[in-house]
Every structure is written in structure tokens, then in C-alpha cells.
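Each in C-alpha cells, the structures are laid out below.
Two complexes come next, and they have one chain in common, chain A, joined by chain B in the first and chain C in the second.
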Partner chain A sequence: MAKHYQNIVIGGGHNGLVCAAYLARAGQSVLVVEAANEIGGAACTRELVPGAKVSSGAHLLHAMPADLISDLGLANHGLSFSAQSIKTVSLNADGPAIVFDGDTVKGEDVSAEDEAAYQRFNADMQRMAKALRPVFDKLAPEPSIETWAERLTLLGLGLRIRSLGRFHMRELLRIIGMNFYDLLDEYFENRQLKAAIAMDALLGAEWGARSMGSVLTYLYRLAGYQRSKGLGLALPAGGMGAVSQSIAAAAKAAGAEIRTSAKVKSILIENDKASGVELDDGEKIQAGRVISNADPKQTFLKLVNVDHLDTGFIRQIRNLRSRGRAAKLHLVLKAAPQFKGLQEADLGARMLIAPNMDDIELAFNPCKYGRYPEEPVFEITVPSASDGSLAANGQHVLSAIVQYVPYDDSAELDANRAAFLKTILQQLERYAPGIGKQISHAELLLPRDLENEFGITGGHWHHVELVFEAFLFNRPVPALARHSSPIEGLYMCGAGCHPGGNVMGIAGRNAANQVLKGGQ
Partner chain B sequence: MKHDHYDAVVIGAGHNGLVTACYLQRAGLKVLVLERNSYIGGATTSISKYEDFTYSNCSYVCSLFRQEIARDLELYKFGMQVIPYNGGAQIIKNEDGSHDMLGAYWHADANRRDLERLSKRDANAYDRLNRDIMRQCEFIKPLLMRTPPDPTSFKPRDLMELLYLGKRFYGLGKERMLETIRFYTMSAADYLNEYLENDALKSYVAGGATVGTALGVYSPGTAYVLLHHAMGDIDGTVGAWGFARGGMGAISKALNDSFIASGGEVRVNAGVSKFIVERGKVKGMQLEDGEVIDADLVVSGMDVRRTFNAVDPNELPAWVVERVKNFRFRGSSAKINIALDGVPKFHGVPDGSPCLTGDIHISQSMEELETAYDDWKAGRWSDKPYLDMLIPSLIDPTMTPEGKHWMSIFIQYCPYEPAEGGWTEARRQAFGQHIVNRIAEFSPDFTEKMLHMELRTPKDIETEVGLTEGNIFQGELTMDQLIFNRPIPGYAQYRSPIKGLYMCGSSTHPGGGVMGAPGANAAREVLLDLGRRN
Partner chain C sequence: MKTNTNNNQRPLIERPIQETAFYPSYKHLIQNDNYEEWSGYTALASFACEGQEYFAVRNTCGVYDICPMIKYDISGPDAERFMNRLVTRDVSKMLPERVVYAVWCNDNGHVIEDGTVFRYSATDFRLCCAERQLEWLEDSSIGYDVSIADVTEEIAGLAVQGPVSCRILKKMGFTGVENLKPFQLATFPLHGYDVVISRTGFTGDLGYELWIDVKNASDLWESLFSAGKPHGILMMGSEALEMLRIEAGLMLVNAEFMSCFQTVRLNRDRTPFELGLDWLVDFNKGHFIGRRALLKVSMKGLSRKLVGIDIDWNKQADGALIYDSKDASKQIGEVTSALWSPILKQNIALAYLDAPYFDGGKEMWAEVYLHRECMWERKMYKCRVAQRPFYSPDRRRLTPPNDM
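Now for the complex of A and B:
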């Protein structure tokens, strides 16, 4: 007799696992079904070649709430860090690097004015991010004033923004819809400095620095730093997979079950109510509730039979933007790479290659037309510099996010990938002469590959682009903003929900709370 | 020495300045309008530059001008007449080199028939698209003639206005709220992709979404500019665009005549060099020739930067100086007027087609429009620019000699400051030639029919009309410079840190276009402060 679960979570990504852990701790029976043969989704560690491991999706932890980590006791379940609050170094092929450390910036070409401006900029942005943070941390507010609870939520939000003081409130209302390019121009002179800051707003996003909404994504990221309480940019020991493993361990300890290599074919619906899932091999598992960590397009366009949904809703889901434009580069190096202008001790830092904002824009232009950039921009980490467990025998692994890359599903995908890899390595060579000869293995994952590997539509980190139209009570669409869906018993818990992507687990936690509130 | 004394002096005889002046004069104030140029109208002018041809030198079509203002100021009585245009043509270049035309017709059935030729699906979708845009219009239109609230203020008036906005928005209901947010934040390309499939049709509709902006059709925040196609009305015909009979200058002339008729005074060749401020209050102004004029209050129709440049910075809070410095203009449009020896032929357009009486476009695809923007970002004029071409003389014969015509060409994009160096005469000529060559690709006899050309780069627009960096809207219309952020947060209610100094130009809410709304709103605020009703 098949077992009947109270909850099935589709997808063992970090949000699915967090959701399962919270549900299990509340005494619910939970089964997590993961399509891949390992849990973790895009927060995972993979062996590239024997003796070299890499975080094959996200490669830095910077937004997970400190209270979530302590709630679930992740430290007791094996989570530790090989480095925390690492520095950011913006590389320069022909000159000195710029180093960001905490709220200071230093560089030979950075003027005293720019250094002071950075302090000011940082203080202004932190202040605004702090005002917005509770919105990101909690369940999305309802755009409604029907009940007192709703009125109080909206009033609270209003008051928090008001408490910024008149000047900063005005400033927030002015810059929130601005593009980062213009905002940084207001503060700084140094072009490389501006580009380095801009990268924080643009990593994983569809747009360039001149596109409206990039200030919003920057504040979103800052709120992440704030809630991780001093963890800053952190490298989990053993790679990002360690984060997922520790959450999974916490979930299991609380009684959740996890099955890998169990790809869901469809969500079973009986009498307009979700009743379980059917796996690829035909096995059916019954459950009182189904919670999908898959992105909204996967969930509603593939897993749910369209008969159960109305056309307006389907249209909204189809129109969601999930055009991933970040590729992932993994290199196994025979020895430590030498980057120009980088102290050897700083190899563990986060490195950026983005000479100036116009170059970012030039890297962005071609991908609008489905073409590859000639000079892409990078975020690079060499996690093996701080974590010897990732590469044996003096080898190193390099993990880089490369932007902007079109979603390419053409027949020439393999040829395009090879050609683009060559472009990338040429660009790297300029910043790290000799790196080409050190490479013993190279892998490039384009958005299309990320889609295949992690099952995310369009290979988009945030599942759904983080923009005003898919923000707060509209994320991803109004009907899904509170984690429930038009189908009774079907919930959503992934990055497509409020507040959005990055490895932080808030969507999973909020979903669990909503499920529990819904009772049963 | 005796100084003239006025109750109110309006700086700039552009259309907004004249609207403000009319309202104030009609409310019983003694009003003087000062204009730096030798002619009135600002960018709303008709000037003859060649023989008997008259051009609408800058702005060239009319739609957005608020009907309530025209009625209040009796502009029809003073000769304003707007004639809707009856067509439009999108010239399509097929892959085999042949040409076709997608025609826009006044008659809905004719319009639909032509769309159906291209795509049956789009013919249906086009109706839905227009309906949805019209819905957004209904939401936004009443806000044009209202003063934006200050969201940081606890004054009853601001709270009431915020409540009004909140209620309107909330009243849309959840789904419409999402639609509205999407409309105001999406890119024109994404928005149109949800409706249409034909690229030529998309580019015909989308081109207008980048007019005057430093954004491309793929940039978030351009979809809402599609409103301009639908927001205006002419004599109650919603969404219509038209020509002012006698050129756009006829609108300024009607405003001017209405103003004079109610007792106002206009002085041309009277540029202001600085405002005289004493103890935080404006006392008058000094003209470029040194003459001093006393005034109890001053309303500046100049853009926000020029306005505050005429004030001693010591009189202004430091943060205001900073905001004004950061207010973004960045002109991106150019204008060419051409005198023609007859109607030019266009590939794919039948002779005598009524479609030529409207806007003629040659952009082939969304990608082409976006690439035009990429050029601007790099500081170049667009290789294949968006061109909005019109032949007003086909409808209004008063502007050219019989049998002759003139063409107005609006060009998006053209940099204010080319990256390879500033505008030299040679570079201007090269730019003009580039545009002519581009048109000639679609019009075999265009160059031979050309009699005269007047060219305005953003730099020329700045020099001649006084619009900073040649921005036709007196400042970009992006979210951070709209509503209560326009022109700067805290001073979005037509007032300034200087007592008695007001602003009425397009730098203020609701922004540019020959609309008159900023002028009317500013006048209302002035009269409110004076305790008078208008």
C-alpha cells in the first residue's frame, strides 16, 4: 500500500528543502522529490573531474537570513564556511585593481573624493535597503485594505519609508525607478569603480546598467547582505552543495523524506484539488498538498494539465519573463592563476572584470539580438584558494559568472558554445596572462545548459525576472503571490515567488508558513 | 530711474508660458511675457526659412493639447484649427528587394483589411492592443491636469491627493493593477510582443515609444509612451493626431492673441540674465541688456536648469542645486524640414495614396529600432534611425506655394555631443546627408525634389530654442523624473525654494509635448497662493 503524505515538495532546491524542513518541524509528513540524482538544485557541488569540485550553480552565499540558519540549526547539520565577508576586487588589465572591503574602497586610481563618495553612497543605499528589507523578508503584502491586518501591513510599510526622514524618503521614491548607470554617475567619477558597483545590480539580471529597475535589484541584494548579519559574501566549506546538504539534513532530522532521481511528470488533480504527483516512470504518489519549487512556467505550463486553469491565468504565466542571460564557467587549473594587479593573498576574493559601465552595456547589446558578446563581463571566484577540499594536488578550480549571454536553442548550440568559450578564455588571458596553459578542464554552461541542468525555464536564476511588474504582490502573478495557487492544495515555494532569487530560502520558509496557516 | 512694475512676469513665450500668462491675465493680474528670441512660440513655431514655404520648425503635430485649455482661453476663436490626419504608411522592404506598404486608414474597416493582409492574427490583436492602451489612458488622463502630491507631506491637501491617487489605483482591482504596473514598467518591445507577431507592424507602433527619450524600444519603461498614440484628442476625436493649420506656430499665435486681447503684454528680444532675489523672495529680473524689471512674482517657462541657473546659488539650498545639476536632459532627437518640388514617390506606395497624409515610417523591425538606440548610447547618430516623416502641406495648403510641399522629418536618435567630437558644420552636413540618403533608399525621386533643407541637431535645438541639451521635453520622462519627482522631489508643485518664483515649463508635471497642462497647472497654483480663483 503506497504511503500517503500530507505534503509533497517538487524539487529539492534550497527553497524546496527549506520548506520541507519547516513543515517537518511542524509535525507534518513531507516527501521531497528531486529529478536530479543529487539534491540542491542550483545550490550544489559537483565533481567536474576526479579531484576537482565546483559549485555548479550559485557560487557565493550572501543572502541567507541569519535566523533561518540558526532556526534550522544548519551549523549542527554540517554547514560551515571556508571564508566569510570576502573582499571584492575589480581587475584592470592595464592598471591597478580596485579593492572593496566592507564599506571602504581603495585603489591607486580612486580619488579621495570617490572614496568619500563611496562612504556616502554606501550609507544612503544601506539605509534605503534597511527600510525595504522587512518587505523582502516577510510574506508579500496584500494590495488590499479590507481587513485591519492588511491595513496595518501597508501602514507599517508606509511608516518605515516615512521614518527614513523627508530627504531620504524623497530620495528613495526618486531612485527606485531609476537605472543604476545614471545613479552611479551622480555619485562617482572613476569609471571602473562605477562598473564594479553596477555589477552587483546586474548579476543574473536580464538587463544592462542603463535599464530601469537596476536600482531595485541593487537594494534587493543589499537587503540580502543585511539579513545574513555579517556573513557578507561567504564561501561554504565544500561548496554551495554544503548549504543544500545541511538543509536536507535538518529536514530529514525533523522527519522529512527525500527521494532523488524522481522526476515529476505531472501534478495529479482530483476534483479540482491537487492530490499528488505522477513520476516519469508512472509511479503515483498521493499527498494532501503539493508544493512546487519549480518555476511558475514549469509548474503551470508543463506539470499541471491546462484544463484546470483559466486562460487569463495561463496568459499571465506565459508572459512572465524568464530570459536568463548569465552563463557559468568552470575551469580546473593545474596551478594557482596569476591575475594582474592582484595580491596572491587575495586569490580568495571575488574578482570582477568590468572595465567600465559602457563596456557592460557593450557586452549587453548583442545578447538583445540573440548574439554573443565579444567582450563579456565576469564575476570570478577561485574557491579552492580558501577551501582545499575542492581541488586536490595543488590544482585550483575557477568558477565564473559570465554575462550577457543569449538563450540559445539553435542547432549550432555546441559550436556556439565552443566559440564563445574561446572568446571568454581570450578575455581572461588579458587579465590573467598564462591562464590558458594552466587549464586542464573547462566547462561552459549557457542559459540553455542551465535550464537542462537545473530544470529552470530559460536558465534564469530568479526563475522570473526581478522587476516591478513581478514584484511584491505581483510576484510572479497576483494569484500566486501568497504561495497558494488557483488550484486548491497546490502551493509555490520557489524563487519565482516573492521575494525572489538568490540562495536565501525565504520563499521556502514563507510557503511553509502559509501552508501551515492554511491548516489541514 | 523708473522701473516697470508687473504683478507677474512669465519668462519664455513658449506654449506653456503663454498658457500661464493667459490664465493669470484673465484672473486680473498685470502680466508681462518676456521672450529671448525675436519670435514667440519657443518650440511651437512656424517660421519661413525659404521663399514662400512655412515650416513647423520644431514640434510638428498636435494631439495632446488639452481641450479644456483651448476652451478656457478661446483659442478657436483666436484662430487655432487642428486638422486630423487621415492615414499613415509603413513602408516594408521585402526580402527579395521589392516593397510593400502597410497603410493606416481613417476608416476602421480599411485599416483592418490592410492589417489582415499582413497577419490575420494581428488584425484581431491590434484591436485588443488599442483597447488596452485606451484603458490605461482613462487611468492617466485625469492626472494630467492635477498638481502632484508631495508624498512626504502631511498637509491635508497632499494627503487628500495621495488618497485620491491611491483610491484610483486600488479601484482598478487586482488584475487591472498588475496590468497597469506592467504597462508603466515594461519595454515597448515586450509589451507589443504579447499582442503582435508582424515585425513591421510592431516597429510602426513602437517607434513612437522612444520619441525624445534616451531609451530604446527594448528598455523597460518605454511601453507607456505608447500612450501618446491614444492620449490626445482633436475636437473630441480621441486618439487623433493632426496638423495645426498654418503650422504649429498657429497655436502659439492663438495663445498670444488671446493673451493680448485680455490685456497682456509680450516683449520679444528680451532674454533674462538673472532673477533678482532679496531675502528669499523674488523681486524681479535683469535682462541681458541690463534693464531691470520689477515683479511681484515670476513664472519661468524655461527648463529647470536654466531657471535655477538664473538664480544666485547662495539663495538655494545645496541639495536643490545638486538635484538640478543631476536632472537629466540628454537630447536624443533631431529635426529636419525640407521644401519639396512636389510630392515625392515612395516605393510600395501608390500615387495619390491617402496614407501619405499621415506619418510615414521606414523602420523595418524592432531590432532595427533598438540598434538605432545602441548607436546613440555610443555617442553616434543612428545608422538606421527612426524617422517620423510627414507632409503637412498635403492637408494644409497654406504653408507652401501651390504644387509644392514641405516635409517634416523627426529623427531618433541623434546625440547632443557626438563621441568623436563636438558638432562642426561639416559634421552637421554629414548627418543631414545621411538622413537624406536613408530616405532616398525608399524614395527614388526624393533628392531631386528637394529644394531646401533646415536641419536641427540637439545642439541646434538648444542654441535656438533654449532647451537644455536639446531635450524636446525639457528633461527626460523617466520614472525618476515624473509626477512628484518632476522636476525635483519636493518642488514638484510648480513652486521653487524662492518665494514668488514659479515654474510652468515642460520640466514640470506632466511633462513635454504641446499639451499646455504644465502651464495651466502652474497658473492654478499661482492663483491659489494669491487667494484668487481662476
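Now for the complex of A and C:
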């Protein structure tokens, strides 16, 4: 007779693996089924050409809690870093770069006032992010006050915000729904400086600096830096795949089983209770619980037969915003690229191409109407600069997030991809003259390609847009916010749940806790 | 399209109101211009005298124009699965050419509406209801291979109700119509077109509903009324129907409950249990929309329920509040629809009662307001839970019906 598991986790992305690891450590039997032939989801390392590897999804670790890393003993399972707390450099095609290092900012065109303002800005934002951090770290609270536990949770949140003091509490309430453009205008003069800061609120999102709520996502990102406790922007040795591999190793060491190339066709439901999964090849695996790391749309519009769901719920799921706006560019370079105004020693830094906030906004506008931007904005890393294992023989690999790209599944996708790659390379050429000639291999993954590669609806790395209306108990929809679902025994553990995306692992950990509590 | 006008007056509100397919045939019978709007159509509250129209149904035959009833055709390989998830009862047990009364809910188990489900074949259904809800049906069809069409404007309907209704239909040439059992339907030929006849209605009497393509409306109406004339056939309006449906104990959307799509206030939504429709909820058929919420609700006791009551004396208890004692110390319910029943000579009403009063056996008083010679008087009358339907003659169920 086939083995009956207590838990099946659908999807071997980092949240699924974290969830499996915590469940296995609690003595539960767990099977992780991953559709791809490697675990990791969008936190993975892939060979581009022989001798050159790249983090083909996320390329920096900046939000994983330090206590999760230590708790799961990831260092003992092979996780190390080739660089930590790397600098951020905002490139300028026609002038000097701006370098962000910790809480200081330096640049030839950056005034002393702006330097001081950055310190002040940083202190203000860090203070507010700290007040909100427990919200981002913990299980989404219930929006009701029926039990004392619920009242205390909400009261606690209120007290933390109040503890900022009268001035900062008012300031937080003033800015939290605000757009970042206006807030940055309040602090700074230098346009390039403002754009560089704005990028942290906008990466991966379907909005520009002028969109409401962009301050919230900035605080969200800062909370991520805080919880990583000094890791800052970090490059895992061997690429992001090393993160997933180490979590998988921790999970296996605790007794979890992992199967790759096992694509789930449907979630089995018997007597209104999840009872296992059916794979593409027809194999059925029984389990007491099914925990989906797939995004909510995939889980409830594809894997669960609609016979088991209510119409209002389906409406909510369908209306979720999951239009990925970020593309991924991978280049194999024959030699180290030369970026204008960049110190050679800073090639391992994170580089930004976003001349000013209006350019970000102009790059954002076309994607709203299904068009590609003429001058996209970039986050660039050259991980091989600090990690020789990624590229052999003096080669380098460049990994860039390119915003803002429409979700394009048209028949012209291939032609559009080729044309957009040309646009991108032309733009890069202005910042790194000669880079075109150094390219031995180029790959551009549009949202549609990311969707295919990682199985994420819309290719959105947060699964569901991180917007004010999809935070806390509304993420992704109220019925799923605390990891359980309308179907008994079916849980959610992915980025679609509070507290959302980035390689973070908190959703996976919270889900495991809820499962163990038999949680509602 | 026409604007709603009274003959001698300018229209109060300019808005398009459509004439039903039968309107040109019966408009010469309209004597008192007692119009109302029903789903965008001109409808009649009464033609001449609502009492006479009421008695036509109880004694001869009354005809009600049901063209404005909202009709959705639901067809496709998954139609049965779709319908079974939509409504709370098990329609997979339905045979073709059958009709059932059904109720459907939102995710929270709150009633959207009640109506009738017609099954024509393994893959073809029709849903008849009072309110438009195409959006809900379409969103409910996601994942199903079904097509949903609003056929309200294409299908004309006439309710032919009363003791001689069967006889009139037979006289029209619908051979075998007498063999239709309650909630059964069949297709009959007439003058080269099809007439679908279902033994259904909203009057609690023997009766049929006739469904045809709108283009045949005048022919059907003329045939019906020429056959029915010697038998006292009469067009009727909604005021007579209201009396009939209360005697039959049938609830009406926007009278006994509001669709959960339209409620604004808390606690105005109703579950099927509160409406006394627990017999329509089948927890054993698998999942349906609202099942999980209703299962939770069913674990708890009901706090209120719609029941029939009988009130002392003969003063119609419209809108009456119901109390636990004559001095009205505690309100325990309220009347939703009330009628002095002409045929029963009984003062009846549909009412919500709190637990445990809806189980009956407790002292209850209805607070009735009477307008007498330009003064309001408040009266307290004793009342009690009564069996529904209040009026249910044997001919309603008999197949074939007595040939009157």
C-alpha cells in the first residue's frame, strides 16, 4: 500500500521548504512535491551555459529573518554568503554615480544637505519600519475583536504604533498611505538620489513612485533588512539556489521527503476535506493535509475542482492582482564590464539605473497599456564579482531586474522579447560602453517566461501584488489570511499569504505553526 | 419601448417600460389603469376588481401574465453539475420534464433568491426567478462547460390557474395535459408552434403555466380566452395574486426576505433555515455554494424563523409587531404579509417569530393598527402559529384533476 503522509506540500519553493522543515521538525511526516526537476522555485541557481551560472529568479537575499536562518541551522546545511550588506550604486550615464553604504550616501553631485537629510530620512523610516515589523513578521491578525487573543493582537499593534511617540505616530499615519514621490520630495533635492531610494519601494511591483501606498512597501522592505540582522543585501555563495538547497537539506535532515519532477494536477478532496494530490501522470498520493505553496490563483482556479468552491470566493481570487511587471535579464560576459563612474572594487555592488523619479514613472506608464517601456529601469548585480564559482575562466555573469514590462502572452511574444532585449542592451551600453561586445550569451525572461519557468501566475514574484488592500487579514483574501482555507485540511503557505513575497520564508513558517495548531 | 403613462396624465417619471408580449391582446380589458412596474415591464396590479380576479382563481380560472419573470436558460455538458452547485437542493435527482422549487445562497449561506428550476433534458435547465442575477450565474459558471442565456424577452409566459384551468386547456386541444402531475412539464403543439406547459403556479390551486416564443403570444392568448370564455376565464393582476399566494403560504422576495445582494443593514440577510426552507437544503449531495456556512449555522439553534400565524378577529394585520403579552412588554416577531382570507374566513399572515415562539404553543399578541374614520386605533389580538399552506385544496394535487 502506498504511503500515507500527514502533510503534502505543493511546491518546493523556499516557503514550501521552510514549511516542510518546520513540520518535519515537529515530528510530522511531510512530502514536498515540486513540478520542476530542481527544488527552489524562484530562489534557484541555473546554468546558463557551461561554466556560467546565475540566480535565475530572485538574485539578492534581503528579507529572510536571521532567526529563521539560525533556527533551521542553514549554515550547517551549506548556506554561506559571498558578500553581505553590499553597497548600492546608482549609475549615471553622464555623470558621477551615487553610492549608498549603510546609512550614508556619497556622490559628487550629492549636497551636504542631502547627505544629512539621508541620515534623518533613514532614521525616521527605520523607526517606523521597526514599529510595523512585528506586523510583517507575525501571523496576520484577525480583523475581529471577538476573543481576548484577537483584542490583544490588535491592541498590541496599536500600542507599538503609539510607542513611536506622538510626533512619529502622527507622521506614520500621515505617510503610510502616501506616495513615495511626494515623501522623497519632502526630504531631498537630488533627483537621482530620490530615484535610487524609490526603487526599493517599487521593485517587483505594479506601480510607480507616484502610486499611493508606495511608502508602505518601502517600510515593508526596510523591515526585511531589519529582520535579517546585518545581512543586508546579501549574495549567497553559489547563488540563490544555495538558500533553497540549504532549507531542503534542513527539511530532509528533519525527516521530510522531497520529490522533484512531480507536477500536481489536482488537489484531491473527499467529504469536503483535502485528502491528497494527484500528479500529472495520474499517481495519487494520500495525505491528511495539503499545504499549497502555489499562488492562490493557481491553487484555487487550477488545482481545486471548482465544484468545491463558492462563487464569491472564486470572484475574490480571480480579482487578485497578479500581473508581474518585472523581467529578468541574464548575460554571460567574456570579461568584467566597465560601468561609468563605478569604482572597479564596487562591481559586486547592487547597481541601479533610474535617473530620476519621473523616468521611473515614464517607464511605468506604457506597461499599463500593454506596451514595453522605451527606457526601463534596472536593478543590476554582477554576482561573479564576489563569487568566482558562478563563472569560470575570467567570465562574468550579470543578473538584472528590468522594470516595467507588460504581461505579454501574445503570438508576438518571441519577436517582442527580441526587440525589448535590444532596447535593454542599447540602454545598458550607455551606462557600460562596450558591454555589448563582451556578451557571449544573453537571456531575457519576461513575466510570461517567469510564469512558465516558476509556475507563478502572471510571473509575479509576490504571487499577489503587495498593495494596501492585500496586506494583513486581507492577504490574499480574508478566507486565506491565516493559512487555512475554506476547505478543511487545505492550507496555504506561499507568498500570496501575509506577509508576502521576497525570499523571506515567514509565510512558510507561519503556515507550519498554524497547521500544527490545527489552526483556523 | 413605451413610457409609462396614465391616459389623461403626463408621465410622472419618464422611463422606458416595456409592454409584455401579451399586453396588446389584453389591454382592452384594463378598466382601472392600476399599473405597476415589474422588471422593466408594464404589469397590472388589477384589471378591474382584485376581489373578482381572486375568486376567478378559486372558482373558475384566472390568468396572470408572467412574461416579466426572469428566465435563464442553462445548457451544456456541465449544466447539471453547475445547477447542483448553485442551488441548495439536489437537482441531480431531477428527471427531465420536471420542475422543482429551489433556493440559492451566497458564500455566507444567505439567500439570494428562491425560484423554480425546470429540467428539459440531461443538459438543459431553466431557472425562473424574480430578480436579475446574470452576473452571479456567470461567475458561478467559471470552470463549467455551460452557457447561460437570459431568455426573459424571448419567452412569454402565462399562468392559467384555477379549478377549470385543466378543462380549458383540454378544450384548446392540449390532449393529455390532464396527465401532468404537479411539477411536471410537457411540450404540446398548437397551431404549428410548441407550447411548453408546466403544472406549476403561485396560487396554491390547480394551475398551469404556459411558455411560448413571444411571437406566438397573441395567438395563444386569443385561443385561451376564446376557449375559456364560457368558463369564466379572467385576466388578473398582482393584487389578486398576493392574496392567493398568502393563502398558499408562499413567500415572496422583497416581502418575506430581501436578496442578500440588496441588503444594506446587518441582520437583514436570511438563511434558508430562517425561511423555513430546511427541506430544500441537502447537505449530503456534496458541495454547493454556501454549504460550509450553512453547516456551521445548522449546528447552532435558530434565533428566528418564518412561520404562518393565525390572528383573532378579522382585521388584516399588515406590518403588525408581535409581542409576548397583551401589554406588549417584549417584541418577539413581526408580520411580513397579512391577509383576511376570503375563502378561509380566517385572519392569516406570514411572520417572523423568535425562538422558541416559532415552535408554537406560547401566548402571542399581534399589535394591529386600524385606520377608522381618519383616526388610528391600536388593537392587540391574540395569535398563534398555524399550519402552512393555509389553503390547499385536493385539486392542487389530484392527477388527473376532477373534470369541472
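Observations
The working rule: the second predicted complex is superposed on the first by the 518 of 520 C-alpha atoms of A that agree within 3 Å, B and C clash if a C-alpha of one lies under 4 Å from a C-alpha of the other, contacts with A are read in each partner's own complex, and residues count from 1 in each chain.
Rule of thumb we're sticking to: a contact is a pair of C-beta atoms (placed from the backbone, for glycine too) under 8 Å apart; a residue touches a chain by one contact, two chains touch by 3 or more.
All values derive from a computational prediction rather than experimental measurement.
When the two complexes are superposed, the chain touching more residues of chain A, out of chain B and chain C, is B. Shared-chain residue A:Pro486: touches chain C; no touch with chain B.
When the two structures are aligned on the shared chain, A:Val306 is found in touch with chain C, with no touch to chain B. Residue contacts after overlaying the shared chain place A:Gly501 against neither chain B nor chain C. When the two complexes are overlaid on their common chain A, residue A:Gly13 makes contact with neither chain B nor chain C. After overlaying the two complexes on the shared chain, residue contacts for A:Gly276 are found with neither chain B nor chain C.
Shared-chain residue A:Ile314: touches chain C; no touch with chain B. Look at A:Phe167: by the touch rule set out above, it reaches chain B but stays clear of chain C. Taken together, the two complexes place residues 312 of chain A in contact with chain B and also with chain C. Chain B meets chain A in the complex at residues 151-152, 170, 174-175, 177-178, 181-182, 184-186, 190, 194, 215, 218-221, 319, 326, 328, 367, 370-371, 374, 377-378, 478-480, 484-485, 489-490. Listing the residues of chain C that touch chain A in their complex gives 81, 85, 106-108, 136, 139-140, 142-144, 286-287, 289-292.
By the touch rule above, chain A contacts chain B in their complex via residues 143, 145, 162, 166-167, 169-171, 173-179, 182, 186, 207, 210-213, 312, 316, 319, 321, 358, 361-362, 365, 368-369, 467-469, 473-474, 477-478. The touching residues of chain A, counted against chain C in their complex, run 272, 301, 305-315, 318, 486.
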